[in-house]
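Naming follows writing order (A, B and C), and every chain is counted from residue 1.
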Amino acid sequence: MPVTEPARTRPPTIDARTYAEILQFYARHFQLLDEGRAEEWADQFTEDGEFAQNVKPEPRRGRSAIAASMRRGMDSIAERGLVRRHWYGAVTAEPAGEDAVRTRYYATVFETPRGGGEARVYLSTTAEDVLERHGDGWFVRRRHVAHDGT
Amino acid sequence: MPVTEPARTRPPTIDARTYAEILQFYARHFQLLDEGRAEEWADQFTEDGEFAQNVKPEPRRGRSAIAASMRRGMDSIAERGLVRRHWYGAVTAEPAGEDAVRTRYYATVFETPRGGGEARVYLSTTAEDVLERHGDGWFVRRRHVAHDGT
Amino acid sequence: MPVTEPARTRPPTIDARTYAEILQFYARHFQLLDEGRAEEWADQFTEDGEFAQNVKPEPRRGRSAIAASMRRGMDSIAERGLVRRHWYGAVTAEPAGEDAVRTRYYATVFETPRGGGEARVYLSTTAEDVLERHGDGWFVRRRHVAHDGT
């Protein structure tokens, strides 16, 4: 069956091995976040990594600043008795030079109050990362998170 | 440890390379949908593709009809000030002849009102696709979406 | 660009082929669960498999006990006119001896009432499995599910 393939339907993709590495990278990354391990989570950024959100005036720059900021956020959430789960999904990925990948994905946060309350959707976002491979691991060089509806 | 394996627990699966291609295909597909790019989204169907839903009397047939119908839906959603995110998950896949794959997956839609409202679950569905590979890309030959609870 | 990689950022991961198998295993596993096929779902445990939850005093032990318990739960849900979808996500995986893998993942349940009601988040959990490969299939040797907020 002949099919006219519009050129625009042929996006760059990445190989299965890299894609599996990246899915596992994000799996660990968001589990660390939700376990309150801010420092280990921030270690998954490069030393000079950047973390920006469309709801904040300034990006956080550098692993230490990113860790400190997330630590404050996590402590506040824990004090309020909330458990959050950051889900990532719909990960597109394309090569961005050697040993680097540009991704875009959905990140949706679910929240459950401790003590028997109901789970609910807390927030829906999209995120764009530049990931770099150093040695046998992946690191976030740059992240931009956009909250839906803002 | 000997284990009696019931024959029914051995489903057909697809190789890692094809599975990674298909996950990336869906990632791009649903991102296009949620960005309001109805025509590019419809280009991911074959020319003679079919899109059916259990809540509609008739399937849409052909890339142009599918694009036109989705364009109307997207414009209506945008007019109402809503941002939707179509998540796909739990993708099973089995070979369906050469260069074709039959998939079944969950598709859940989250919705956030523009202007600061809360995100919520809008809809939970399951979907069944026949995907075909043409050249270096994948296309939807046939899709059937079933809304939960109907 | 030199990067100091903290040793703790190098987690064990598994190869792309095994990861794709496991994602497909879970996809089928949770689809069976949500289709009310308790026996086929339980067949994906080893004969001597174990299923524990932090909200139950005792784990279920053995495929038959697991199937019988799930059958009762499913029938109760169906009687109440509910459709549930178990999503899995953020799957980390590491080798656990030959032909075995230890996973941790998020499992979130969405619920839709039959007859036109709205979908909602029912429950957010994390799960830890030991999976074993026997022949060409994967099986759950041990699962522990922890409900968020309890």
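One rule holds in what follows: a residue touches a chain if its C-beta (ideal position, glycine included) is under 8 Å from a C-beta of that chain, and two chains touch if they have at least 3 such contacts.
Please read these numbers as outputs of a predicted model, since none were measured by experiment.
As for how the two copies chain A and chain B face one another, under half of their interface residue numbers coincide. Seen as a C-alpha superposition, chain B sits on chain C after a turn of 120°, to the nearest 5. Between the CA-based centres of chain A and chain B the separation comes to 23 Å, rounded to the whole angstrom.
Touching of two or more other chains is recorded for residues 16, 19-20, 87, 89, 121 of chain A. Taken in their complex, chain A has these residues touching chain B: 1, 3-6, 8-11, 13-16, 19-20, 87, 89-93, 104-106, 108, 121-124, 126, 148-150. Across the complex, chain B meets chain A through its residues 16-17, 19-21, 23-24, 26-28, 30-31, 40, 43-44, 46-48, 83, 85-89, 110, 112-121, 134-137, 139.
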